[in-house]
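One chain, chain A, links the two complexes that follow: it is found with chain B in the first and with chain C in the second.
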Partner chain A sequence: MSASRTSTSRPIPLWLPWAIMAAIVVVALAVGSVGINEPPTNAERVQNLTRSIRCPQCAGQSVAESDVSVSREIRRDIAQRVEQGQTDEEIRAYYSSDTVYGPDALLTPPADGVGGLVWVLPVVAIALAAVGLTLAFRRWAASGRRDATDEDRALVAEALDVPDGGTEPGGAGRP
Partner chain B sequence: MSLALGRAGVTLGFIAALWGVLSMLVGIATHNRRYLRVGLWCAAGVLGGAVLAVGAMEWALLTDDFTVSYVAEHSSTETPFPFDVATLWAALEGSILLWVLVLAGFIALTAHRFRHRIDDPLVGWAMVTLFVVATFFFFLVIGPAAPFGSFDPPLGYDGPGPNPLLQEHILMAFHPPMLYLGYVGFTVPFAFAIGALVTGRLGEGWLLETRRWTLVAWAFLTAGIILGAWWAYEVLGWGGYWGWDPVENASLLPWLTGTAYLHSVIVQERRGMLRVWNLSLLCATFALTILGTFITRSGVLESVHAFTTSNIGPALLAFFALIVVVSVGLIGWRGDLLRSTGSIESPMSREGSFLVNNVLFAALAFTVLLGTVFPLVVEAFTGDRISVGSPFFNRMSAPIGLALLVLMAIAPVLPWRRASGELLAHRLVWPAAAGTATLVLAVAVGARGVAPLVGFALGGFALGTAVRQLVLSVRRQGIGGLFGRSSGGMVVHIGVVFIAVALAASQAYVQQTELRLIEGQTATFDGHTFTYVGTNVVLEPNREVTQVLVEVDGAGPYAPGVSRFDFGSQQVGTPSVRVTPTVDIALSVLALPEAPGEPATIRVTVQPLIVWLWIGGGVMVVGTLMAMSGGGRRRRGAPSPEDVASTAPATQASGADD
Partner chain C sequence: MTDGADASGATLRRPVRLAAVVTGVVLVALLGVLAWQVAAGEDDTVRNGLVGRAAPAVVGTSITGEPVDIDRWRGDWVLVNFFATWCVPCVREHPELVAFAAAHGPDAEVPVEVVSVAFDDDAASIEEFFATNGGDWPVLVGDTGPIALDYGVRGVPESFLISPAGQVVAIFYGVTAADLDAAIATATAGAAQP
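After this line comes the complex of A and B, so read on.
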């Protein structure tokens, strides 16, 4: 937070509570992240795997959500494979192979090839929007025009059918 | 009888809607008030036709009149009340009929509300737009999705009844109508946006006219989505509430753009900016409701909500294309008049934060839309079949959700135009303290993991900010300060925080397992004990429910079951949930004991804070109602010089409130 400046008019400097809170947050997050890097248990792995594999008979549900018998079979099979020591990747690769259920068995699209677009496009969109917004703010700041022209005021007044909002507290906050 | 009445109703509605379009157009072109007044009567005709049609359908459903094809295909003599009433929206044709009724209601309300200003071209063009939409939907129920087909039932015929899943829970009687009230409600602001574009009166007048309509639509859509999640949780038995199913996404998309609009419209009202953007958002919201209906009702995407494949797809797609072409064309045509008249100096300002809010909501909407249609697009271009499911949506939406929480924590205290760091540091001290305290509390009760903890901390921060704004408002204006748009908005934020925290907690800490128990046996999972104490069979007119009685931590018994319906072989699970403010334990039966003494398999889902999803949804709706009431809004609805003078000092006061 941008609270490094002190306020001379106050008995307690403004940055102090922020510094204390920052310290507490760091400590709390440190405590809260202890032990989360332990490898997942088998049960957790089964839970994650069943949620990422599509139920072949139902519409858009994962095998974790579905109650049809084939989903139950797959759940049992995944649990067995995890017990046998197969990795998550091996299990996913097995189910998405063309001889089993095909690539659309995975609810997470592959990161490579055409499927990767679905991961990349939103990020690109957000990045473009951020750049556009930054440029817009730059342009607005550079234009230096903080007030509407008289013509604009007339337009606004006409549209609103009220006297122009010159009473806005715009002047107060300006440097 | 019902068949004839129903057909008469849809025909009447269709003719009235078409007549309304023509009469309004002639009236606007010739400035002849008489044609415009005919338009008002057409609105009554549209409502009358829709009420007649829906009334006839409900009567047919209640009396099991199988000469009506929809009743024969989707109802049964054994469907109990109120599910026979709800059968109206249990399948495609009936749900379009419900859409027609809701639309007709909104048209009649609009006509009534603006009856004295019908010769205002802006209102006139809005009515034209509404009648065009109505004509389209009446066309659907006459042609491609006709519920009133004739059927000749053989002696002793009984229908299959609605999908068993839809007969499980009373929420099904409320969730679709709420959702439709929301979807269809956005037609009214859309119609006024079109009216403003056509007449070139792009000032802020039309916004003020439609503000309350937009809020009503938004509140219903919010309630509909939350009720849908609740229904899924109570009925589907997988322990979840949101599966990123295409239909769920289709309801979320207009909600996202609508929410973005509700925020950015404030910038336009205050600063006269973002006109193109706001019009685009409204048009997009309406277009997305139609696109969503196309995606989910045409059978192009698989979905648990998909009704049987139908042939309304091309019609909906064509209508969607028409909306997009007309909207884009009008906005392009009026581009010169939409020039914005101000500038946003700093991102650290109220208007700057609204812009960031809009970028985030638009990004989320884009991501959800992309993920939903991506499999279709890929298959169309490459022939490959891929799936995009909840793991993708969860991973992509979580960071955007956290960013929105940051914004909710900071933006409400920002003044217009520009804020200094010092001002922010001062105003945000107590909210930040609330966030810190939430974090410490979460860690103390054992919550672990950086992402959920950050979510909780930001939730507490945003909650603190909302409460701060409410406290200041009450201090300034007394208890009346709780009403009006800004305070109502803060109450909505509190509801959103409840939901965000519940989402973070349930996603991060859900525990699920399958237990195989024989009668009398006890198992322990996640610190809870589960004892299978017996089996129970409940006979109902239309089904037989076999319940597995399970005591949880010695309390209960809870009775998850499996229903066998007389028609069809589908067995439907009926979960049972132990609800507490801190943790929900959901039980559902995966397999009944094959013989007495054999084990039953039950699925156990332990999820924290679920109940706060529903509470948060309720708070959001209450907050929207509070935003709609109150003096501030009405005063702005009909501004007079005196009012403008009196709101300005109040703004100044809020800008320097501490």
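After this line comes the complex of A and C, so read on.
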């Protein structure tokens, strides 16, 4: 019985989960890259822009979500500007200019200045965590594999209730 | 076994402590950024970068069909008032505008041109509103949204006092005649100082 169980439940190779994870990451990056390279339609640009601009009269809502008059006007204005050929950067620059609604008009934090920390800090944290884990794994690997002592064997034997120094069922004991 | 466990624990503790410190620093930094943005947002409630700058253009057609361009009143004070007939604070401030316009007509010591810009409203409602509540200054109608956005209007009512030199000197979120007179007096006194 134990022999048949051993033959049917083969251990999963250690590399298999890593290979699956790597494949998922590669596929996700590939799909993401293809998606980014496709130019958005004007309707998609309007949708994205209205989601990225704060409603001037509301708390924490984008103009896409808000139905107050000024948000409706901004949605209409953005659609007109897109049709006129203005770039996303030009449109965001207009709304975030000091004479219109100021830098806080943008729901997406700026990539420079103090607001840029919102983008930089998570990347730095992930990089530091990766370095820390790598160092820790290397240290653990370098510390070597410790063989079981006689004391450990005695504890295991006692737990399994077999004679001291006995072998595992169905196989030879480890050296 | 105990020594081994201690050694293993010591090996484990160092990266764990490092990770905890890094996580703490990152969290504190993120909280700092958040607090800074909240503080900036609080200041922003009365923000308008237009004060002290050239007034954006107000060009369009009045409700009576006449062309309006505030540049033609350069050399005089101008009050640009964004309003809507459905807006209760606009209805409340209207008598103040009527009184102010009457006190600063063409023959007054300090003449002021009042121009209203209808925001998200229709001509029929505006005609009825002025017939009922008084006021005979130009009222821009039609596609006035871009003008309101150029002035950074967040809601109505908002009024912009423009100096004879064409600069925005004050912004009001609901006006009184007394506040407008005080703003003109302050700006005039400031301009008279060497």
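Throughout what follows, the second predicted complex is superposed on the first by the 106 of 175 C-alpha atoms of A that agree within 3 Å, B and C clash if a C-alpha of one lies under 4 Å from a C-alpha of the other, contacts with A are read in each partner's own complex, and residues count from 1 in each chain.
The criterion applied here is as follows: contacts are C-beta pairs under 8 Å (C-beta built on N, C-alpha and C of every residue); 3 or more make two chains touch, one makes a residue touch a chain.
Quick caveat: nothing in here was measured; it's all calculated off a predicted structure.
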Answer with first, second, both or neither: which of chain B and chain C does A:Val68 touch in the superposed model?
-> second
Counting residues of chain A touched by each of chain B and chain C, the higher count belongs to B
Does the superposition put A:Asp77 against chain B (first), chain C (second), both, or neither?
-> second
May I ask you to decide whether A:Val118 touches chain B, chain C, both, or neither, giving the answer as first, second, both or neither?
-> both
Touching A:Tyr101 in the superposition: chain B (first), chain C (second), both, neither?
-> second
When the two structures are overlaid on chain A, which partner does A:Pro40 contact: first (chain B), second (chain C), both, or neither?
-> neither
Considering only touches as defined above, state whether A:Leu135 meets chain B (first), chain C (second), both or neither.
-> second
In the superposed arrangement, does A:Pro56 touch chain B (first), chain C (second), both or neither?
-> second
Go through the superposed model and pick first if A:Ile24 touches only chain B, second if only chain C, both, or neither.
-> first
On chain A, the footprints of chain B and chain C overlap at residues 72, 102, 104, 109, 114-115, 117-118, 121-122, 125, 129, 133, 136, 140, 143, 146, 152
Listed in rising order, the residues of chain A that touch chain B in the complex are 1-3, 5, 7, 14-15, 17-18, 21, 24-25, 28-29, 31-36, 43, 47, 51-52, 54, 58-62, 64-67, 72, 75, 102-110, 114-115, 117-119, 121-122, 125-126, 129-130, 133, 136-137, 140-141, 143, 145-146, 148, 152, 155-156, 158-163, 165, 167-170, 172-174
Of all residues in chain B, those that touch chain A in their complex | 201-205, 236-238, 240, 243, 245-246, 272, 301-304, 306, 341-347, 352, 355-356, 359, 362-363, 366-367, 370-371, 374-375, 378, 381-382, 384-392, 396, 415-419, 421-422, 424-426, 428-429, 432-433, 436, 439-440, 442-443, 447-450, 453-454, 457, 512-514, 573, 588, 590-591, 639-641, 644-645, 648-649, 651-652, 655-656
In the complex, go through chain C and note every residue touching chain A.
-> 1, 4, 7-8, 11-12, 15, 18-19, 22-23, 26, 29-30, 33, 36-37, 40-41, 44, 47, 49-50, 53, 56, 84, 119-120, 145-146, 148-150, 152-156
What part of chain A is in contact with chain C in the complex they form?
-> 56-57, 68-70, 72-74, 76-77, 97-102, 104, 109, 114-115, 117-118, 121-122, 124-125, 128-129, 132-133, 135-136, 139-140, 143, 146, 149, 151-152
